[in-house]
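See structure below.
Which chain is which? They are A, B and C, in the order written, and residues in each are numbered from 1.
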Amino acid sequence: MKFKVENGPHVKSEETTSKIMTRFLISLTPIVCFAIFKNCLLNYYYSSVTFIEAIHPMLMIISAVLTSFISELLYFKFILKDTWENSFYEINRSFTIIPGLLLALVLPPNTPIWLVIFGAFISNILGKMLFGGFGQNIFNPALLGYLFISVSYSSLMGSPLNAYEIDTLAGATPLSNLSNLNYYGTYEEVVGSFGTFLNFFVGTIPGTLGETSKMLIIISFIYLIATKTIKWRIPVMYILTAFIMTLIIGHNIELGIWYALFSILSGGLLFGAVFMATDPVTSPITPIGQTFYGISLGILTIVLRFLTPYPEGVMTSILFMNMLVPLFDKIGLYFKENIKKIWILIILFIALIILSVTTISNNIKNLNNENASNPLDNKVKIVKKEKKDNETIYSVTSKAWGIIKADVKVVDGKIENISITDSSGETQWNEIEKNDYINKIIERQDDIDNVDAISGSTYTSDGLKNIVKKIIESELEDEG
Amino acid sequence: MFEIFLTALIVENVILTKFLGICSFLGTSNKEKNALGMGISVTVVVLISTILTYLINKYILIPTSSTYLQTITFILVIACFVQIIELIIKKYFKNLYDSLGIYLPLITTNCAVFGIILTNIKMDYDLITAIVNSLGSCLGFILVIYIFSLLREKIENNDILKSFKGIPISLITAGIMALIFERLI
Amino acid sequence: MRKIYDFLFKENPVFVLVLGLCSVLAVTTTFEKSYTMGIVVLIILVLSNTIVSLIRKFVNTEIRIPVYIIIISTLVTIIEILLNKYSKPLYDAFGIYLPLIVVNCIILGRALSFASKNKVLPSIKDAFKSGIGYLVAISLFGLFREVLGSGKITIMNDISILTGYRFIIDVFNNEVLPNKLFLSSGGAFILLGLLIGVINAFNGGDE
């Protein structure tokens, strides 16, 4: 029997769609206000930025929304050859500005305006209109714009800290801090450097425009569920899975509940779960499908956070699961008919969770065990190794400020050259080039621990040094 | 070993990264059933060809210093093997032939099969590594072609611009999938 | 002008018939690799069509495909050996995509559908038509990818051993930032999709 699932969003009438979208926008309003409050007002008051610099985040939101609006309007008029009147009507109907607004809220506060415009354009045109318009897209439009921005110009996205935070806080966002600590540390190290959990709750921590105030997100979440605006199963299962997983991981590595609390209160998890994963068009329709969609999102996000060099993981997870939505709906329909067999699926997912949690816990233990293996394992990953006679070419991914990708040529056991294929996440790359750092570390590869990092670009320097260390280690392993 | 498997599956994905098998990818991914059929057929052919070409390369070509004959030999091996399989299935498994058989001739000219074999040879893998690589690559192929077929079925009835319907929008979707896969590791 | 456009794009094997995509997507990270691949495919296409047409009366229908495959793979192997000897950088840059020309749908396709049924001279003309179409398509695509992706146009670098010249144009002079997206595999797919969509629109997709 073949089930065909029709396109979303599945609502009873246009009026209902309109109400849903309106409530959605209402729920975002406090978050937008807080974003402006924290990043514009507080920033201006406490640090020495100029007025123009201070209102930058507000300009980001306005330009994103305007770009969404204008690009769709022009698309309707000139590509679909509609009338002006009809174009405006369509735009009204489909709440064009939502992708732009969401995009602005997942970007760091210092993203250049032209980049925001680029992203918003992609979100609406590529993510929505080209696929057929409202209700017909596969991928969350705002996240698609975000994906394009970060693949194209990630180093230009700017620091996630606004000027005030740079003055008062050390280091990067809570999640990259955790990653740099190899996922293990005391409460002081992990949470303390940013304040108390109250800070996380209220939102006075570094992060993208929309994600920081967990309190406001939770309030919006309750509002949205009470008014039956969003598919509640998805965020509930997503956050629950993530919490349970980090709880078990924390228990395995002998850290308290605060570890799990930290995991769900940092980064874009709450924001993504409530506002992005629940997008009516790009999420499953069947209740069972939604439940397992949420669980899968939780598993994938935690796996990406703890096992790959990327400290976040929410955006990629949602985009990845967007691809599998038809599969989730198939599962939803099948098990609705055969509800008794659902225990198979439940066992499968529990097995997956146990597998992931065990792998992650072991990984963390290995990284932090003083005697043993390899702190480098977390920092540098050898992605590909091509060996020909006495020459080997390694493709590596190294955690630096962002991520560095490089191809390293090794001849007769010695590194001959390093060719950088991606350093776009490094904001201080010009320092590296100015100091001819790459040649320096190749020259002193036998003595690499004593090579100084370049001040101002410590993370990047260390990231490069770690590449050398990892390769030399790998070569030694091959010989021995 | 697991790393090679994972690399073949995601990082160096046959379709999304190495661009192999595009013709069959675009051609058979419009229906879920076709996609699965193609994927399974490819897997069978690749796995056995991996073993055959490895043996031929190791025991015939290299000792006689005729590695320049690699291209010709391997493609002939694949072509003959596919022909033989087709005959066997046609004779003994008529049902299977009806559902899968039409893909077999297509597989001969499928870049994916030939490409995976060539990769194993160029990277100088020993037999076990070659099999692991081929297995990972095939699973990557099946995964991508299956997901893609589901997505294509989903957007089949969308109001896409006439000039973008079919191939262009499919390519764009594949591109987005590739970008997402790239961010997994 | 319209005639040239029609000749190149109306039945273009890559953009319209959607054949031979593997190589178009894979080697087009620089302009140089693109047009050299185009030239190689053109040469092989012409030679294979010629040979297939010459022997068409002697080949049985059943063993057509294996015979043609042998012919094409021999030609490819010859080119492989030549390239390996005279321009190793280019040979390495092509990687597995050089031998993969054997299974390029265009070459086998033209052999089966045209050259096996027609005289030599028309077959050669047919090969040229498809081959030039392919060359233009892949070069154009490579041009876009390199300019947008790295802001440069490499006209001669890997084959400089042969010709003695090295010629790379810096298009934007660092004023416009190159967009790495286009050098990645996803970007290639997306660019090709957009390009084919636009060409479809020009070719009469519009009402």
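Methods note: a contact is a pair of C-beta atoms (placed from the backbone, for glycine too) under 8 Å apart; a residue touches a chain by one contact, two chains touch by 3 or more.
No experiment lies behind these values; they were computed from the predicted model shown.
Chain centres here are C-alpha means, and the one lying farthest from chain A is C. Of the two chain pairs considered here, B-C and A-C, the higher C-beta contact count falls to B-C. Computed centre separation for the pair chain A/chain B is 31 angstrom, with centres defined by C-alpha atoms.
Separating the CA-averaged centres of chain B and chain C is a span of 21 Å.
If each chain is reduced to the centroid of its CA atoms, chain A and chain C end up 38 Å from each other. Listed for chain B are residues 161, 164, 169, 172, 176-177, 179-180, 182, each touching two or more other chains.
In chain C, 184, 186-187 are the positions where the chain touches two or more neighbouring chains simultaneously. Across the assembly, chain A contributes 148, 151 as residues in contact with two or more other chains.
On the side of chain A, the complex with chain C involves touching residues 148, 151-153, 156, 422, 424. The touching residues of chain B, when paired with chain C in their complex, are 16-23, 26, 68-72, 75-76, 79-80, 108-111, 114-115, 118-119, 122, 161-164, 167-172, 174-180, 182. Chain B meets chain A in the complex at residues 3, 7, 11-12, 123-124, 147, 150-151, 153-155, 157-161, 164, 169, 172-173, 176-177, 179-180, 182-185. Across the complex, chain C meets chain B through its residues 18-19, 21-22, 25-26, 65-66, 69-70, 73-74, 76-77, 80-81, 95-96, 99-100, 102-103, 105, 108, 184-194, 196-198, 200-201, 205-207.
If you check the complex, the residues on chain C that touch chain A are 177, 179-181, 184, 186-187.
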